[in-house]
Structures are given as structure tokens and as C-alpha cells.
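Take a look at these structures.
You will see subunit A twice below: alongside subunit B first, and alongside subunit C after that.
So, the complex of A and B:
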């Protein structure tokens, strides 16, 4: 069997293991669970990277693919996205001791890689000429990095809703004292989005430049382009309302979650509408 | 090798008797231990308990009897032996682990006792009272005390109204060192609450009271600022936390006041605690966005819940203590056979090594 696939299945198992541990950790205060969760996650990331290395190696066996990243297929894209979410979580958690947020973030990464492994085809083929551009190493990577950050922000927002509900109910469970405070979650949600938004914007503009080179037009109202714009506008709206109008807490989270729904639709749903950007139609 | 603990606690003795022991000075007791047949001892003295852990005696004496007469010696023959409990051998070990884990405390799982055990041990050690067995036992007890608290929920949730309020405030604002608090009323409850908050290094406390003099008196104790009673509405725009415990028969903070202050708060949370009877703060306020109003009965309800939750974790804690007692028992056995096991702080006792000599 292909070593790439064996490695990625191990990574997937490790991610799911970490996700399950993070849920148990929500219910039981036992610091060992948190340590094991992080160890498993780290292990998953290592195997995932190794698998990605093998994928690059086989991808470059085809001469026209040489030195481009294998993220042109649905499989490659989902896999990269899962990796980015995990790495982002790993970095944020180790800095802020937010292991408790694992249950809110890791399911999305595990799900993403799960869909890649179970449903998407890992087949490798030659890139079509339109994609044989250095832009393929930049434009989708930049965008998916912002998606991964938005995924983390979504998890943080979810935790905020839980925490807010607990305190408003006047019957907080022990979880209330272990989750970060409302104000911290609110500010973390904001800071992640504030950091990811420029990345998203730059990624979209890069896409325009590439489109200009490849197709001779900067913008063509292709569904992917349209939805990327809608996503950017929703997050811009969030930042504006937060910064100018003091929108915070629950309502701010609702807006940011709407933004994330747009991200998911842009990434997955649009494939069924767009020919140009479709992973499923293979561009 | 004899290990014996003798002591009295809130479970066995009246306060009056416990107080007599609590008043004894450290150096007196240390002196008396030195001139007794006890060669390895740590004594623990808190307001809820007085215990002597003896793990070594000079030449063939009866450990329990030595300790009991030592107790009588300390405060005279007035204490009845029924107030004093005695454990020896592994029971004594297990008792020490329970004490360090907070299982024997008045409030189950409280964390203060672990610090007290640590201090008692360190002082005894620096006085030269402890020996090899005592050192191992206490280091082990401190380790188990920490382990039990990190691996079970026995210390989760505060157990007093004031500390629950502070913990909730932390669940809303995080670190309270940047927060500001408006205290309405200058009575006993207000003072208690401020005391709890001050330990969280809250820099800004405003005290407002109908009679200014009492607010000033309270403010002096805590380096707080006195805020004019009539202007309390303006303070609502600034502060994060409001604690109200006035004796006022009518509402002190109305929904209208809070609503108008919210406009200038830019979505920052406002945590209000009303422990006054009759109420100071209008109930409806809780339904405003970003505002959380807790009343005395809400806090009391949480205290009861937390205590319940801690009790539910007792059996888990006991399991850890049992397995750690068994480990110590193995260690004793090995010691008798001339080997020495090493625990360190890992979960797996390391392979036995032969002790030199």
C-alpha cells in the first residue's frame, strides 16, 4: 500500500483520538487527558506532514507538476486545511494553555481530513496547463491558511456561546470555571479574525492577479469568486461593527459564525456551482 | 519502624479544645519533641486540626502511648483521650495522604491544607525534627495531594458565597487585575467580598455608601476610593463589577440606570452581585445583554452544587490514595529487606536498587 495513505490514516486516527480525548477532557477534569490530547495531536501532525511529503514526492514524479504543491484536488485541499487547523490550534493552545478549547476546534480538522480520506480520491494526475503556475503554491495556500484561522475562530466563538449561556443561566457547571472567560474568548475571537482577514483579502487579490494572467480577466463573477467576496464582506462587516459600533459578545459571535458558514460554502458548496474553481470537476 | 499519628480535628474535638492547641508556639512544641523519645516527627497545626506524625522512636517504646502522653503534656491533663484519634502503620500513612488531599478537611478538597502540610514539614525539617521515613512520607504526601487535585474534581468550584462571586467574575473577565469594582454599602458582607477581591490584585475599588464616613473607614483598609452615593449611576459606566449589600429598603440600582449606562460601555460585560435583603438591584437587569446579575440565593445554590460535585469525586480520590498507600507499603517492605525502592515523582516505581549497606 502507498506509504502516503498509510501515514495519513495514522494521522487521521491520531486526530480523532485527540478529538475524543478533548471531549472527555471537557467532562472530566484530569490534566493527563489534556497532555495525551496534545501528544496525540502532535503525533498526528508529524504523520500528516510525513504523508504530505510522500504526496509531494509522487506528485513531482510527473514532470509538468514539478515544484508545484499537490493541493489542486479536493483530497489535497482538505488535507492541507486539516493540517493548517491543527497546527494553528497547536500553536495557539501551547501559548495560551487553552487545551480546553480542543473540543471546539479539533472536530473540524478531524472531519475535514476524514472526508478527504474516506470520500475524496487521493489520485494524482498531471496539472492542467492553466494551473501550472507558481500561483498555485501561493493563492490557495494563503486562502486555506485564512480558512484554518477562521476555523479556529469559529471554535473559540462556540466556546464563548457556551460560556455566556452558562453564566446567564445562573447555574454554571464546573466547565464554566475551566473555559476561558467571556472577555478573553471575545478578544481571542476578534484577534484571530483580525489576523485572518487581511490574509483572506490578499489571497483573493492574488487570485485576481492569477486570473488576469491565466484567463485575461481580473474578476469574472465565477461562483467561487462571488462567494469569496461575500465571505470577505461578512468578516469586514464583523470587524467594522466590532471596532466602530462596539459589537461584542454573543451577537458578534453570530456574525463571525455567519462568516464561517460562508467560508465553508465557498470551500465546499461552490464546487457544485463552479467549473473554473471546482475540485470535483478538476479545474 | 513505627509510624504513628495522633491528633484532633474538627471531626473529633470541640473548638475550645482545638484552640488550646492552636495557641501553642512552634518552638515550644519543637523543644518538647526534642526532649521526648520521638526521633522523627512533623506536627501540623491549623485552626481545624492539630496532629503529630511520628515515624521514629528511641529504643523500644510504645509509640501510641508516647504520643498520647505527649498530648497531655502539651496542654495539661485536661484533654480527654476520647478527643484524640490515633492511627498507626499504613493507616497513619493513609491518613496523612487524606489530610494532604483535603479529604479530611471541613470543606472537602480545599487547597489551603496542602500549603499547611508543606509548611509544617519544611519547618520540622529545618528544625532537624524529621528523619528519613518522615521525609519520604511527607514528600510523598505533598505529591499525592497535588496529584489528587489535578486528576480529580475534588477541588473544583468554590465553596463560599464570596469566593463563588469572585470566581464568576473571573469567568467573565479573566484576570481581575485590570478590573474595577463598585461596592455599594459598607457593611460586613461588603468587607468580606472586598477581602476576597483584594487577593486577586484588583487595583481599582470604588466604595459608595449613603453615609460617607463608613465608606471612608472601609476604603482606608483597602486603599479604595470613596465614590459619592448620588453619582453611582456614573460609576456604572466605568466599572466591571458591582457588589451591592446595602440595608436600603428600596432599590438602589434600577433597570433604567443600567440601561442608560450600557450605551457608553461599548459591549463590555457588567457583572452585578446583589447580596442585600431586601434586594438592592432590580431583577429585570439580568435580561439585558452583557449584564449578569447574581443574587444571594444564586450564589448559595452554586456553593451547594460545588460541594455536591466535590463529594462525588471523593471515591476517585480515595482510589489514588489507596494505590499510593500500597506503593509506600511496598517501599517499607523493601526497606526492611535491605533494599531501597525509589518513587521519585513518577507513576511507576522504578526498578529496585540495592542500598549500599
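So, the complex of A and C:
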């Protein structure tokens, strides 16, 4: 069997292990669980990186693909996205030490990689001429990095809603004392979005520069471009509502979650609408 | 004007633009996929009429959508001019005054102002008033703060210490950038052009927007082994103004030719039914035919003509047709005749050597027995789709994009912090410090930083905190 697939399955197992541990950690406050969760996640990231390395190796066997990243297919893109979410979580976790958030973030990464492994085809193909550009190493990578951060913000928002529900209900469970305060979650949600929003827009602009070079226009209202713009507009709305109009807590989280729904649609749903940006398109 | 000034209105406008943009992705757009629009028209004639009235099939170019974008640009300017963000970090302490008595009054105002800051700290020290002022301002300077707005009077002194002041301008720069990008788009809409020029290999065509001619001397396409996935396609392109050659380059996707800002892109390619030669395999011997040139089949009474090529053969309504201009399923029609009498035309396929279709006089097709010959190869004449675009707004878009990035980096990645420091003598060589602080990020993170900085300041000044 292909070593790439063996390694990615080990990574997938490690991610799911870390996800399950993070759920158990929700119920039992045992710091060892959190440590194992992080170790398992780190292990998953290492195996995932190794698998990605093998993928790059076989991708480059086709000379036209050489020195471009294998993220042109749905499999490659989902796999990279899961990797980015995990790394982003790893970074946020090591800075803010909110181990409890794993349960709200890791399922999405595990799901993303799970879909890649179970549904998408791992086959490698030659890049169509439009994609044979150094921009393929930059434009999608930058965008998916921002998606990964938005995924983390979504998890934080989910935690905020759970916490809010806990506080409002008359019988708060021990979970209530374990989750960070609403203010802290709200501020973290904002901080992540404020950091990821510039990355999203830079990614979109880079796409425009590439499109100008490949297709002869900066902006063409292709569904993928349009939905990326909509995503940016929603998050810009969130930032304005929070900063200028003092929106906080649950309502702010709803707006940011709508933004994440747009991210998911831009990433997955648009493949059914777009000819140019579809993962199966001719480019 | 009041309406345009409100941020709420701007957000609603943004939401509207997002909504209509989204709507446009669910309808085929005529600039991108005219065929799909036609299909829609034939399937739902009434629905098409109604939707087309509102411009649903060319939504992004309708006057009302452009109007919304323009209104947004206008609104951003108005909003930015009128609304100061609720930026507590930009406020100073109340103004200074040299008059002694007045200064006393002002100082108490300063104290009141300080109490409004989100983070506060106060302490007494045994330093003299002069020393305290110097040591405190040097402490902030040592920690990378700019000390400014200093005010000194015998009854009290104050200063501001700020880090990353540029953050404040981020929002302004980003909003100006958006307007510049929209201006760039407007310039393109007014003065730019895009045209699509399919050029047959070896031919020349006249451009529509410039008095130039394009000729493709050679068109090349390579495929990945065993697929119809092109790995490369390129055109040896020459551009002439009259008789004068003004540009020449082999263009590839991602590598256009640029002549005074007019850019020539390798956009597409295809086969339009023309070919140089086809070769028939007559069971070991080969017969090469030019398009529509009859030739005698050696050793038989037949003569044969190859007349048309379908690059992507399909059967529609019982007739031969092509599904696209891609060479996905090349088929050639052969006309045979015996002693000047024609027999029914036969279709042969280069991918399926055993398949043969017979065409009846009304054009309908039926399967025929596998003939003793097959289509060995086709050498089609391809056309190269050259897209020519002129976008004088592009430099503006790039300028706007760079400013946008700069603005957002300042706004979101710089962490502006400001300390308001008030120092008052308390008699007998004692001095009191009152400190207020604000940060553009606020929250727990700054609280930790604030507490640690105040702790360091305490040990730096070697003073004792006095609880209030």
C-alpha cells in the first residue's frame, strides 16, 4: 500500500484519538488527559506532515507539477486544511492554555481529514496549465490558513454558546466552571477573527493578481471569488458591529458563525457552481 | 446625510451587496457561460423573461448592482469622515494651564479623567517630585514607549506614554484603500476592454478594439499521457499595427504578451472541424487524405474523400454533432463513390477503430458493420483562443490592495497601548503616582501585561504601593 495513505490513516487515527480525549477532558478535569491529547495531536501532525511529504514526492514525479504543492484536488486541499486547523489550534493552545477548547475545534479538523480519506480520491494528476504557476503555492495556502483560523474561532464561538446556556440554565454543570468566562471567549473569538481577516483578504487579492496573469482579469465574479468576497463582507460586518457598535457575546458569535458558514460554502459548496475554481475543473 | 453617516446603514448596504452577489452565483452569468444562459432561456422561457428583466443573468454589470457598489464607496468616505471610532486611546488628559490656581483645578480634572481609563494603578513613593517625574518617564522610554504631551508645574506633572501609535491610522488607510480599489474598477469599466479572438493556426485576425492584427504562426498542445488533460498549450503570436511588427512572443497560460498595457493571453484552444490530413489504415497500407480532396483507393474501384471532423463527436437528435471544441472524441466523415456514384457517408473514430456509423441522406445515423479499414490518425488544424485585455485601472487596484494590506496590518497586528501618568507631590518629599492605561486589544492579555509592567515600575522606582 502507498506509504502516503498509511501515514495519513495513522494521522487520522491520532486526530480522532485527540478529539475523543478532549471530550473526556470536558467531563473529567484531569490534566493528564489534556497532556495526552496534545501529545497525540502533535503525533498526528508529525504523521500528517510525513504523509504530505510522500504526496509531494509522488506529485513531483510528473515533471509539469514540479515544485508546486499538491493541493489542486479535493483530497489534497482537505488534507492541507485539516493540517492547518490542527497547527493553528496547537499554536493558539500553546499561547492561551485553554485545553478545554479542543473539544470544540478538533472535531472539525478530524472530520475534514476523515472526509478526505473516506470520500475524496487520493489520485495524483498533472496540473492543468492555468495552475502551473508559483501562485498555487501561495494563494490557496494563504486562504486555507485563514480558513483554519476561522475554524478555530468557530470552535471558540461554540464554547461561548455552551457557556452562555450553562449560565442561563438554573443548574450549571461542572463544565460551567471549566470553560473560560464569556468575556474571555468573546474576546478570543474576536482576536482570532481580527488576525485571520487580513489573511483572508490578502489571499483574495493574491488570487486577483494571479487571475490577472492567467485569465486576463483581476476580478471576474466567478462563484468562488464572489463567495470569498461575501465571506470577507460578513467578517467585516462582524468586526464593525463589534468595534463600532459594541456588539458582544451571543449575538456577535452568531454573526461570526454565519461567516464561518460562508467559509464552508466557499470551500465546498462552490464546487457545484464554479467552472473555473472547481476541484475537477479544466482551469 | 444622516442616513449615510450611520454605520448601521453601511452594514445593511454591505449585507445587500453580499446577498445579491450570492444570488448571482446561482444563475448562469452571460459573460462567463452564455451557453448555459441560452439553455435556461429554452427550458424556462417565462422565468427567463422575468429574471432577465431584473438582470439576473448579467447581475454584476447591472446599473443597480454597480450603483450599490458606488453607494458603498461613497458611504465609506462619508462614514469615515463623520464617525470617529470609539477610540479612548486617542484622548489626552485635559489641557494644561500655566496659571497656578487654574493648574490646580486642571489637575483634579486630570485625576477624574484618569479614573475613566479601563486599567488603573496608583502608588506613593518616597522619591522627590523632580526625581519621580524623570524616573517615571525614563522607565516608559526604556520599555519602548514614546513619552509625549508632558506637562509640568510645581503642583503636579503629567505625561502620556504610547506604543505603536501607528495602529490608529490603520482603519483610515484600509478604508481609503477600498475606495481606491473601487476607483480602479471604475476606470477599467470606463476605459478598459476585453475581447476574445479565436485565431486558426497559420491565420491572422483583426482586433476589435485596436487597429492591430494577430497571427498565430504555430499552436502547440501537449497532453498528459493517456488523457485529454492538456499539460501545456502555447501560441507563437505576432501582433502587427499595419505592416509594422509591434510584438512577438510564444504565449502560454500564465505567461501573456504585454504591449503598452494591452495584454494577450493564451485563454483556450480547440478544433473547429478543419484538418490538414487524415490517415486511413487499409489493413496494413496507409492512405493519407487532405480535407475535401478525393483520392482513389489503390486496387479498388472506390475513390474516397474525408470531408469534416467532429472534435468531440456526439449524436444529437439522431444527427452527428460535436459536444465541444475539445479533441475528446475525434470523428471524421468519409464519402465514398464508385464510378462517380456516391455511397452513404461513413463516420470513423480515432478512439474506437471498430465503430462505424452510416449516415442516411436525411442525416440520421445508424450502426454499420466494421469496415475493412479504420481511421489511423487525424492532424487537426487547431484554433488558439487569444484573450486580449486592457485594464488601465489595474495599477490603481494594486495600489489600493497594497494600502489595504498596510492598513489592516497596522490596525490588527499592531497593539497600541497608552499610559496616562499623573505625578503629584504629597509634601515631606513624598510623591503620588496615578496611572491609567488603555490598549487597542484590551482583555486578559493586556491585563497581564499591565500588571507585570506596574510591578516592574514599582521595583524600578523602589516604592511601596499604598492601597487607596
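The definition used in the following text is that the second predicted complex is superposed on the first by the 278 of 283 C-alpha atoms of A that agree within 3 Å, B and C clash if a C-alpha of one lies under 4 Å from a C-alpha of the other, contacts with A are read in each partner's own complex, and residues count from 1 in each chain.
As a convention for this text, a residue touches a chain if its C-beta (ideal position, glycine included) is under 8 Å from a C-beta of that chain, and two chains touch if they have at least 3 such contacts.
Owing to the predicted nature of the structure, the values given are computational and were not obtained by experimental measurement.
When both complexes are superposed on subunit A, subunit B and subunit C end up sitting side by side without clashing.
After overlaying the two complexes on the shared chain, residue contacts for A:223 are found with subunit C alone; subunit B is out of touch. Of the two partner chains placed by the overlay, only subunit C lies in contact with A:205; subunit B stays clear of it. Taking the C-alpha centre of subunit A as the vertex, the lines to the centres of subunit B and subunit C open to an angle of 140 degrees, rounded to the nearest 10.
With both structures placed on the common chain, the touch criterion links A:171 to subunit B but leaves subunit C unconnected. When the two structures are aligned on the shared chain, A:184 is found in touch with subunit B and with subunit C.
Comparing subunit B with subunit C, more residues of subunit A are touched by C. Judged by the touch definition given at the top, the superposed model places A:151 against neither subunit B nor subunit C. With both structures placed on the common chain, the touch criterion links A:214 to subunit C but leaves subunit B unconnected. Contacts of A:132 after superposition on the shared chain: subunit C is touched, whereas subunit B is not. Minimum C-alpha separation, subunit B to subunit C, in the superposed model: 5 Å. Subunit A uses residues 183-184, 246 to touch subunit B in one structure and subunit C in the other.
Taken in their complex, subunit B has these residues touching subunit A: 150-153, 156-157, 167-168, 170-174, 265-269, 286, 289-290, 292, 294, 298, 301-302, 305-306, 309. Within the complex formed with subunit C, the residues of subunit A that make contact are 62, 64, 125-130, 132-133, 183-184, 187, 191, 194-195, 197-198, 201-202, 205, 208-209, 212-223, 226-227, 229-230, 233-234, 236-237, 240-241, 243-246, 270, 273-275, 282.
Residues 28-32, 163, 166-168, 170-172, 174, 176-184, 246-252 of subunit A touch subunit B in their complex.
The touching residues of subunit C, when paired with subunit A in their complex, are 7-8, 10-11, 14-15, 17-18, 21-22, 24-26, 29, 31-33, 59-60, 83, 85-86, 185, 194, 224, 227, 229-233, 252-254, 256, 263, 265-267, 387-389, 391, 394, 397-398, 401, 404-405, 408-409, 412-413, 441-444.
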